[in-house]
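Take a look at the structure below.
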Amino acid sequence: MKKINVAVLGATGSVGQKFIELLADHPWFEIAEVAASERSAGKKYKDAVNWIMQSSLSDRIGNMVVKPCDTSLDSKICFSALDASVAGEIESDLAKAGYYVISNARNHRFDEDVPLMIPEVNYEHLDLVKTQKSKGFIITNPNCSTIGMVMALKPLNDKFGIEAVNVVTMQAISGAGYPGISSMDILENVVPFIGGEEAKMESEPLKILGKLENGGITNTHFKISAQCNRVPVIDGHTECVQVKFKNKPSKDDILKAFNEFTSEVQRLKLPSAPAKPIYYFAEDKFPQPKIHRNLDKGMAVSVGRLRKDNLFDYKFVVLSHNTVRGAAGGTILIAELLKEKGYFGNI
Amino acid sequence: MKKINVAVLGATGSVGQKFIELLADHPWFEIAEVAASERSAGKKYKDAVNWIMQSSLSDRIGNMVVKPCDTSLDSKICFSALDASVAGEIESDLAKAGYYVISNARNHRFDEDVPLMIPEVNYEHLDLVKTQKSKGFIITNPNCSTIGMVMALKPLNDKFGIEAVNVVTMQAISGAGYPGISSMDILENVVPFIGGEEAKMESEPLKILGKLENGGITNTHFKISAQCNRVPVIDGHTECVQVKFKNKPSKDDILKAFNEFTSEVQRLKLPSAPAKPIYYFAEDKFPQPKIHRNLDKGMAVSVGRLRKDNLFDYKFVVLSHNTVRGAAGGTILIAELLKEKGYFGNI
Amino acid sequence: MKKINVAVLGATGSVGQKFIELLADHPWFEIAEVAASERSAGKKYKDAVNWIMQSSLSDRIGNMVVKPCDTSLDSKICFSALDASVAGEIESDLAKAGYYVISNARNHRFDEDVPLMIPEVNYEHLDLVKTQKSKGFIITNPNCSTIGMVMALKPLNDKFGIEAVNVVTMQAISGAGYPGISSMDILENVVPFIGGEEAKMESEPLKILGKLENGGITNTHFKISAQCNRVPVIDGHTECVQVKFKNKPSKDDILKAFNEFTSEVQRLKLPSAPAKPIYYFAEDKFPQPKIHRNLDKGMAVSVGRLRKDNLFDYKFVVLSHNTVRGAAGGTILIAELLKEKGYFGNI
Amino acid sequence: MKKINVAVLGATGSVGQKFIELLADHPWFEIAEVAASERSAGKKYKDAVNWIMQSSLSDRIGNMVVKPCDTSLDSKICFSALDASVAGEIESDLAKAGYYVISNARNHRFDEDVPLMIPEVNYEHLDLVKTQKSKGFIITNPNCSTIGMVMALKPLNDKFGIEAVNVVTMQAISGAGYPGISSMDILENVVPFIGGEEAKMESEPLKILGKLENGGITNTHFKISAQCNRVPVIDGHTECVQVKFKNKPSKDDILKAFNEFTSEVQRLKLPSAPAKPIYYFAEDKFPQPKIHRNLDKGMAVSVGRLRKDNLFDYKFVVLSHNTVRGAAGGTILIAELLKEKGYFGNI
């Protein structure tokens, strides 16, 4: 099978670099173009980027000339790691011109005709793209802190009906990009604030867990409260989650729901799909970011410490890799699903 | 004024060392004896201890011969930093023999006749010691993670009546003592479990905020849920707190309650009392352990991020120094209050 | 090819765990037995170990019953991760009884008939085992901080003749085992002392770079000074090295020596051999432990910052993974070489 | 005594903030003006600064209007924390106009008529200012990593004559200012490069230890080699130093030299002078940045691990607080000395 050419937009930033790292040996997609801001366009990628990934930058990518983020791109499939300050317009323009944009930016997440997609959770929302009035389309990946939590909530909501969710996060520094957070601010410290993060966690799950009906998404409705903290961890968001259910499950019911959870992307054995979406760990001290973030190449979600709660019904801890599952990896998985389901036409 | 001789029990451990550090220049108390386990007894303190404080160990203390923790001690006032594995019996024996034991250990916290004391919160519980059937008495300091939270809750409970409290903590490594947590476990990591900690936070506040009546404490009753995490911070516990009230306050009502909160120990200007029990910071990014833990010599509690909550009424962040306010410093403040109120008799 | 059964001695410690992790999918060797102290013997491995590796412990190994470290072991090839307090005698006894012991312990490193082996550096020392008066033999792996440095020195010594070496290390916490260093001691700190480490670095290179002649090793002789520090890094020792040469090379001569360096284990393409022993990085800020420690599965050495020196001739920075290249991985590479060269007889 | 008005130039940066923190309760100087770049000038200081000190910003300073760094300043004594990109010209202009500029910037350090001053080491160089052809003068503070080392070398050079110095540093992140180093670059990592730092350490000591004669400084001459690393420590530079002497001392000779070392600023009991310039610690594991950086309010230098060396004569470890002793505190001490010695005229 010939590989499909793809472009990475915002290729010099930390999420862009992660796209390039994860796509390095992808069985289906091949990076044919890297695009970035005008400041970088025209330079060799290796000269434009401050490469911060652990793996080495390949000569093939390093020597690519950075292109502008516009319709001069040849690749019809674009992974967008653009900054929110510019992503909105660029992504719209590309979609109008027939490009398929799978985006990690927040700008179009709440557009009525744009799916907010976690493949394991709401892949049936894909059809929403058919309502887009563009030759191409835009699909968005949720916020990194939303993804882990919603993957853990999905099987519980399906079986027991969620009434309320409370979450407190301890988020890794890589979530802030590069250079991101000053070492003076976070070494041996906690910062109890991440701009805009709590609002995202309180709104995105309701669309993701909503229903596609009558050509649009009907949000689900339960209350969410989120508190977001930054901690001195490199990768991996840890989240303390409490849930209230409509139909009261036993602890074993919940463990069964976690363990049996699987989805279309597992059945299709998509290249980036984790073997299991959720791994439950019985040891009290687990999950931990340093130990579990790379499970199934960083695409699985780790859960532990399930126990009864005095105020809600149950509480537990969720851990997921914020730049893989929560950003570049999750976005690539969406593209794999689109490909497999024929959304890319005869590319 | 001649200083009062005191002994430190469990003097070689990290809390014991903190007692010695904080009492170094105390205007009222003078360390006359250091006591520890049989393994250390008989040695010079400087040879028995692995001194880990930042300040230097004085020659006077360093050259003291470590005594056993028994009634051979001359000082009638004992600060106990004993390990829970031995504190129960030793403290009881000393109290029976007429010693005044102010303890940081958990063993006697829920004895019916033992006050669980935060001077700013429940100093009227002191009289409970009169019900103890010993020549001396035992008074206990709550758990480090409880103290900061309850100090912040006290003015709110007084004015608006608390119905429920939810708390998620991010606790410093010094709370585990020395050597405590392996660096292999916590560097660049989060451990979402601290043995026994959640149960303490869910029970201690109800006694502390209870009422002394008919010679005993009638606990208050509201529901608490606690989730406790260890993070790579040296000192200072950060806590995300959510509260539901009986009488719904405005945000300004709460800020006023925080800012106006004061207590007997402030009025008495006790040596270790913070100028204000609570400092509220309006900046979104505050409070932070690295910046605020040493406020008023580590005895004040810092609060920030007060905002409406979707599930409870309000949420906010509390920060306090776990080994000062939450351990040795808080215990010394109890002793100062006891002295000032005449509980030590004519020592 | 049927895999060869091997045993891991000291299997519950952190180096033992690293052996188990690295041998999990080894193409030649299969862990048939795990052995440890009497305290663990008889238990299932999963119950005896506090597993701290990032990868999961397999059920196959987890359910093995831990054996004692004695001649009841069936596997003739033993990887020793024993603590130095017991390794000396156990390893001798096993060798006498016909076992082939490849050891990471320091005890036998300076025995006259025991090779101190870095396969890329002194594989011709293997024959020294023929002088051992045992049915089996012992081969030792050098200290973790020695290995990276000596690999970088080897091509320089061969071509230019070394006269003096000065080294200052910044070593990772994993080098101290588990629990090893208290987080209270190393978080946001440097400890300028590692017991015994400097003496190892000042003596081991002279034997490793020595010559096998007349049935023994004639040490090389140049002066070495080592200063060893512990820093808050999880894995990867960084070393600032200065060298004085007999035959003065140009900077390009040295770069060429680094880049062209290869050895028998590369020619044999042994499973654990790095593609190249040394990678030189031209960027000023490289090498760094977080970025380069996993190069070639942690078996390559990274070098950078080569520049003229005011006191010696040149200085540069060396980085290597201390628990892979510097311990378990290096030891496995020795075993692969032994196998390939026929030292295991007809096992 | 009425306090002397001073201005802080570059007041919004991290060194500027440290000046403000250290001068908060200074017995002789009072901050009358804060000055910064045009971007900040005209704003209230509290609105222009991102205050990152642990102590609170006082209302008095916070409400000051930031002034431009020019001759509109009323205070004749200026502490300069200016960035090197602008310090050169601004400081020259101010000196010409009659201001006394005590600078932490590197620009004028090697001007022939500008003292490079560590009060304990070369206070007799003060007279060099008389050769400046300005109404005022400029005096400079050396680089942070130079200061600790040279203070430790001074008594040794005086008594035994230094022939060569080798140093490898492990430097704190605060040395890079704010935001300075990205947390992504330094958390759980070492960066073996600090731009320009090695050249400073190899040149500054020769001027500082030089002799004022014939109206100029005659540099001392011995060879220095420096290698500079950044480590995840907040404050405090740790340095591994090796020294070769002309007159070979015993270990006791050196310890005596360290312990007896004192200087004019100690004799004068200047407010910022440490009680002793050097504290020697006999424990192998000392000095450590987390434990010793604040000794004598951060103004003392800690030394330990003195031992014979295979290549030089002796090696030892030096630790000093880089933003106090190595920057703002050292600069203030210079000003105190100038005041006491009458260099400020009748201000």
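By letter and in written order, the chains are A, B, C and D; residue numbering begins at 1 in each of them.
Please note the rule applied: contacts are C-beta pairs under 8 Å (C-beta built on N, C-alpha and C of every residue); 3 or more make two chains touch, one makes a residue touch a chain.
Owing to the predicted nature of the structure, the values given are computational and were not obtained by experimental measurement.
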item	value
Graph separation of chain B and chain D (steps between touching chains)	1
Set of chains whose contacts include both chain D and chain A	B, C
Mean-CA-position distance for chain C and chain A (Å)	40
Interchain centroid distance [CA atoms averaged], chain B/chain C, Å	48
Interchain centroid distance [CA atoms averaged], chain C/chain D, Å	42
Two or more partner chains touched - positions in chain D	52, 187-188, 232, 234, 290-291
Of chain C, residues touching chain D in the complex	164, 166, 168, 170, 188-193, 195, 202, 223-225, 227, 229, 231-234, 238, 240, 242, 284-291, 304-305, 309-312, 315, 317
In the complex with chain D, residue positions of chain B that touch it	52, 54, 187-188, 234, 290-291, 294
Residue numbers on chain B that touch chain C, as the complex places them	14, 52, 173-174, 178-188, 232, 234
